[in-house]
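Structure, as structure tokens:
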Amino acid sequence: MYYDSNTGLNKMKRYYFDQPTTDKFVEFLMTQAEVIAPQKKGDASYSYEVVTSGKDIVYDYPRTIQPLKKYFLPPRETLLSFDSKNNEFKKTDIALNNRIFFAIHSYEMQGIKRLDYSFTQGNPEFNYLQRRENSIFIGISFNPDKWHFTKSVGISIEEVERFSLYFEPVDNGFLVFEVDDTGKELISKFGNGLSLDASMDFEVREKEFKTKIKYHYNRLPQVFEHVYNSKVWSDIAQKCVGCGTCNLLCPTCYCFDVRDEVELEISKGKRERFWDGCMLNEFAEVAGGENFREKLSSRTRHRLHRKFKYITDHSGELHCVGCGRCTKYCPANISIVEIINNLIEEYSDHQKEQII
Amino acid sequence: MENTAIEKQDLYYPMMSEIVKVETLTNLEKRFEIALPDNQILGHLPGQFVEVSIFGYGEAPISICSSPTKMPNFDLTVRNAGKLTDKMHSMKEGSKIGIRGPYGNGFDVTKFEGKDILFVCGGIGLAPLKSLIDYTIAKRQKYGRIIILYGTKNPSEILFKEDIKMWQGSKEIEFHMTVDKPDEYWKGNTGVITTLIPPIDLDISNTIATVVGPPIMYKFVIMSLKGKRMPDENIYLSLERRMKCGVGKCGHCQINDTYVCQDGPVFHYPHAKQLEEAI
Amino acid sequence: MSKPKVAFFDFTSCEGCQLNKLNLENDLLSILELVDIVEFREAMDDKADEYDIAFIEGSISTPTCVERIHDIRRRTKILVALGACAVNGGINAMKNLYPADWVKEEVYGEDKYLFPSIPVQPVSALVKVDYEIRGCPMSTPEFLHVLKSLVLGRKPESFDYAVCVECKLKENECVLDKGMFCLGPISRAGCDAICPSNGQYCTGCRGLVSNINENGAVDMLKQHGFSEKEALNRMRLYCANDIEN
Amino acid sequence: MKKDLNINVHHLTRVEGHGNIVVDMKNGVLNKSELHIVEAPRYFEAMLKGRNFHEVAITTSRICGICSLGHQLTSLKATEVALGLEISEQTEILRKILVDGATFQSNILHALFLATPDFLNVGSVFPLINTHKEVVLAALRLKRLANDIGDLISGRAIHPISCVPGGFTKLPTEKELSDLKEKLIKEGIPDAEFAVEVVASLADKIPTFERETEYISVYNDKEYGFYDGVICSSDSGLIPVDNYLEITNEFIVSHSTSKHAKFNRSSYMVGALARFNNSHKLLNPLAQKVAEKLGLVAPNYNPYMNTVAQVVEVAHCIENTIGLIDMLLDRGIKNEKPNQEPTKYGRGIATTEVPRGILFHDYTYNRKGLIEKANCVIPTGQNLANIDDDMKKLVPEIIEESKEDITKKLEMLVRAYDPCISCSVHMLEVDFIE
């Protein structure tokens, strides 16, 4: 359900942090746990990294290159290490560190929520769930750029679900909302001299998204019922080069491959898993060499159906969170919103024809 | 049937099991009898598979070819087709391999009770079906006719020759086979497997057809079955995909919204028909 | 099991791939535990008659090369093409883009007739290649992977997906986004995206991913401000034998 | 006295590339004593045509895997001159570290892995792992350390990545630099000193042979000439880089796919010994001490001593790198982007001392920024005529020795030049004609 930003936030206790207070708060957080927050990477990119100095945190970032997923489902992970001489293996120890994820956007948190679903339904996966334990998330508002379309998939900027605290930038600082008990506890531990600041009237200014899906998000699964044989898929395949960037940056993609690698002492080695992607050449290839999704058109179709239909049919939620990464980083400038709008157009034309 | 072994497993961690018997079936195929640790019983349904792992060589899904009635050990028929299977072929009795499973959807044997069962097996497809064949033979009185159709490319690829001899000699089993490319000693039928279907007289409403073979075979076998007016609901098939994790996570075996490793490999044909990329 | 006999041979190349092996300083002693190096002209005098594994560096570009490669194939059980030159002709294959006479004249002038040279070909054009290690130079982790796999008797992993994949795993800032040229979206991975990770663009040294959408790739580069001519010209740096139009 | 001698060493080993040694003496008359270069021709000059400036150094570094850094830097410098691209002081210091690292690496490889087996009568370094384990381990550590320099500064020691026209696409951090410095001091210097002891113990195995020739190298009055400077000839003094063609005078001989070169005499020598003879006064103190220890005094006319000069240079490079790192750390690493906006298009000529000697790249760019004409003159090519001349003098001097000994001495002679044949054909083998 779309979150009513004003009433939601207005019910919460809120504090005003000026920048020096915010800096102190970060220092305080660092005493509580490992803090992970957006930081500059390269010339004009951002990445969630472990904070070593509060000064490195970027509060007004558009999006990071990789979603937060990398902390729960590492790009490369040792599943087990083995000794084939003795037929023994050892599971990987997954450290149970407390971690605070700070200055997180709503769509990112929702991305984690989708992953939680994927790793708990069916056979729950221990490795993922273990890494998810003991994580605290602190949200922050953001200004949509031309790639965000979170609102179109039903996620508001101020969606605070699963955050403990939420930061809304105001003049020279932030309004900090107490979302849950963990947040409350953090504030009270930090809070010597902090006073409840209700003096400032708060109203969320609706921020305009430049990129929009033409239909309400509720109607998208219905559209996807009818577009399996659309020509949109082959149109996209003309432009797509199959690099897999869209898979590898998506907050809700979680497909992987597993490989064994031995050491130079070849009886010892490890079984590792890597992120994989359904857009890649050999993804659906079987041992005999047959490739069940050889064409780029069928690969794109599969990817989009996973975001808007297949998992949605079971979870009831769209598995696209509108972060815009697949579009911003697509080297061929393919826009996911454009694909969906083209599908919608075709669908509505078709519906009209049927009425006539 | 209880899944005695699976409850103790962590998703990606194999049980170190022992190869207790190795039997060469053809140039490409060997049958391995596997014993789980501590005399555990695998507790599988016919049609299910296990993930076999050999350290340094990876993992591969292999269908179980013995009947659940055979206990406590189970059999895997393995074609030498990749790095893991190649290694497995070099292994001797007493060697250790890792087993995860059983996984996936098997044949619903109780639903088949009282019915005639038609087995259509192409090439290595006989291995997964053998588990069901053996099961129905073991519980012979519960089932109607047992009709086995088996086709291979050439006589050298024929699997389970001992069993075939037994099936051919049994009055309780109707067995027919064919090869695409006969050699000079071949005296039986020649032609693709679909040539065996028309001559058979079937009580269509009471017959279950189970079909397993190479990807190309399904379309044609189903066409011939339809030619005998066999209803879709009576057809079952088992599909091959790259089931890397076996537990519905890694995504490789997904066909539309279906994970073959969870909802398959055995599919009821009305379901498989709807999966556009399936056959 | 006795140690496999390994030999290294060089054809037309810069020998950087071989040197890369000598640069495995930390692992050299362990490698010598694993295999017997029986022939390696760049580093030793010894010669052998037969090998279990022959690694071939360089492309075939003279009539004598042709004889030598057939001879090696006869002596070895497994033949591995090592590096871009051996796998697809590499940078040497650029020569094939020009009329042969012009090329020779440009370098040797009127003495061009002195040196026989044939179009540059990958090793696989002449003999059966069992495995390939791509890259210019080859990546040492991949070489070790192949060596270990062959000792184990298993098929090594190959990489038929784009450099973009590895680049994204490393969370590098996108090179194309910085306004630079880049072949990462269509070039084969396996290098761990080493060039983009060092702020440089991908030159496609490992060849193109199979099954690529060539028109789409040219359009993509055009969208990033490179003319079709430049796009194709730069794709040919390492793939002169593979690009059609 | 022997009247006839035929030697044909096919595909000389422990050198980079394919070359044959051919000696033919009949009735006491030496008809032939040549190093045949049979490496396949590469045609880089032709391949460069039409390439834009971003691709040129990437391409020319592929002339040779062993000298890739040298080709890369010389190429970058030539491009920068041609296009009017200024580089920063930081870039220049980083590049000097790279040259030191590459020379250190290549010299160690040659002196300890390729030449040393000759002195110990074995066919490769591998048997030494059992007989001289400590030496091999120290040599491996040194080589690793030298490669670490290249890996850190340019992303990869072979075919460097991050040095591009106008600067670097990635910079090392100050922490990485100070870690490297620490390693050079704690491991590099002691291992280098150990290596010097080893070479000193083998000094009596080095053949005594002398032939005075012309020595040509890069010269720079402020520092030992590596990264940049003017051309210095031991015969005629300093010459501007732009006049390189007057010195190299390349010519084609039928027994070599690599071109030969000559200046004031029928041949000249480049490489470590030439550099030492011309610039020895500019070696830093550690290298001076090593030269003294190894008995290398300028001018030295024994080409076999080239290997010893290489060892001296290793000491120089290590100490020099430490000094350069200090300079960088004093200044602090500045986050500079490469300067890639051409201010002109035209011709650019550059020279660098690479491990095997003086290297020239000469490019002409058209107004679209594409290469119109390219010429690369490679050190091994420049040494070939000198090797032939050495053999011509050496063979009659050792003619009374056994054919095996003669062959070995000839092989060692060619190897002493540390020839890089892929490079020179853009070429080495020894054929004794039978």
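Letters are used for the chains, namely A, B, C and D, taken in the order the chains are written, and counting of residues starts over at 1 for each.
Everything below uses one rule, namely that a residue touches a chain if its C-beta (ideal position, glycine included) is under 8 Å from a C-beta of that chain, and two chains touch if they have at least 3 such contacts.
Owing to the predicted nature of the structure, the values given are computational and were not obtained by experimental measurement.
S.K.: Going by average Cα coordinates, which chain is farthest removed from chain D?
M.R.: B
S.K.: Which chain lies at the heart of the structure, taking centres as C-alpha averages?
M.R.: C
S.K.: With contacts counted as defined, which of the two, C-D or A-C, has more C-beta pairs across the interface?
M.R.: C-D
S.K.: With chain centres taken as the means of their Cα atoms, state the distance from chain B to chain D in Å.
M.R.: 65
S.K.: Nearest whole angstrom, what separates the Cα centre of chain C from the Cα centre of chain D?
M.R.: Here the centre of chain D sits 25 Å away from the centre of chain C.
S.K.: Would you mind pulling out the distance in Å between where the CA atoms of chain A average out and where those of chain C do?
M.R.: 38
S.K.: Could you please state the distance in Å, as a whole number, between where the Cα atoms of chain A are centred and where those of chain D are centred?
M.R.: Comparing mean C-alpha positions, chain D is 53 Å from chain A.
S.K.: If a residue has to touch 2 or more other chains to count, which residues of chain D qualify?
M.R.: Within chain D, no residue touches at least two other chains.
S.K.: Find every residue in chain C that makes contact with two or more other chains and list them.
M.R.: Counting only residues that touch two or more other chains, chain C contributes 152.
S.K.: If a residue has to touch 2 or more other chains to count, which residues of chain B qualify?
M.R.: Expected reply: 56-57, 82.
S.K.: Output every touching chain pair, sorted by label.
M.R.: Those chain pairs which touch are A-B, A-C, B-C, C-D.
S.K.: For chain C, which residues are in contact with chain B within the complex?
M.R.: Interface residues on chain C, with respect to chain B: 149, 152-155.
S.K.: Would you tell me which residues of chain C are touching chain D in their complex?
M.R.: Counting only chain C, the residues touching chain D are 10-20, 22-23, 25-26, 28-29, 32, 37, 40-46, 61-62, 64-65, 90-92, 94-95, 98, 102-104, 106-109, 111, 114-115, 117, 136-137, 181, 194-195, 197-201, 203, 230, 233-234, 237.
S.K.: Residues of chain A touching chain C in their complex?
M.R.: The contact residues of chain A facing chain C are 41-45, 47, 65-66, 70, 75-76, 237-245, 248-249, 259, 261-266, 274-275, 277, 280-282, 294, 296, 329, 331-333.
S.K.: Across the complex, what residues on chain B touch chain A?
M.R.: 10-14, 16, 53-60, 81-82, 96, 98, 214-215, 240-242, 244-245, 247-252, 254-257, 262, 276-277
S.K.: Which chain A residues qualify as touching chain B in the complex?
M.R.: Contacts found on chain A: 79-80, 82-84, 87-89, 91, 118-119, 122-123, 125-127, 228, 254-260, 262, 266-267, 269, 271, 276, 278, 283-288, 290, 292-293, 298, 302, 305, 309-311, 313.
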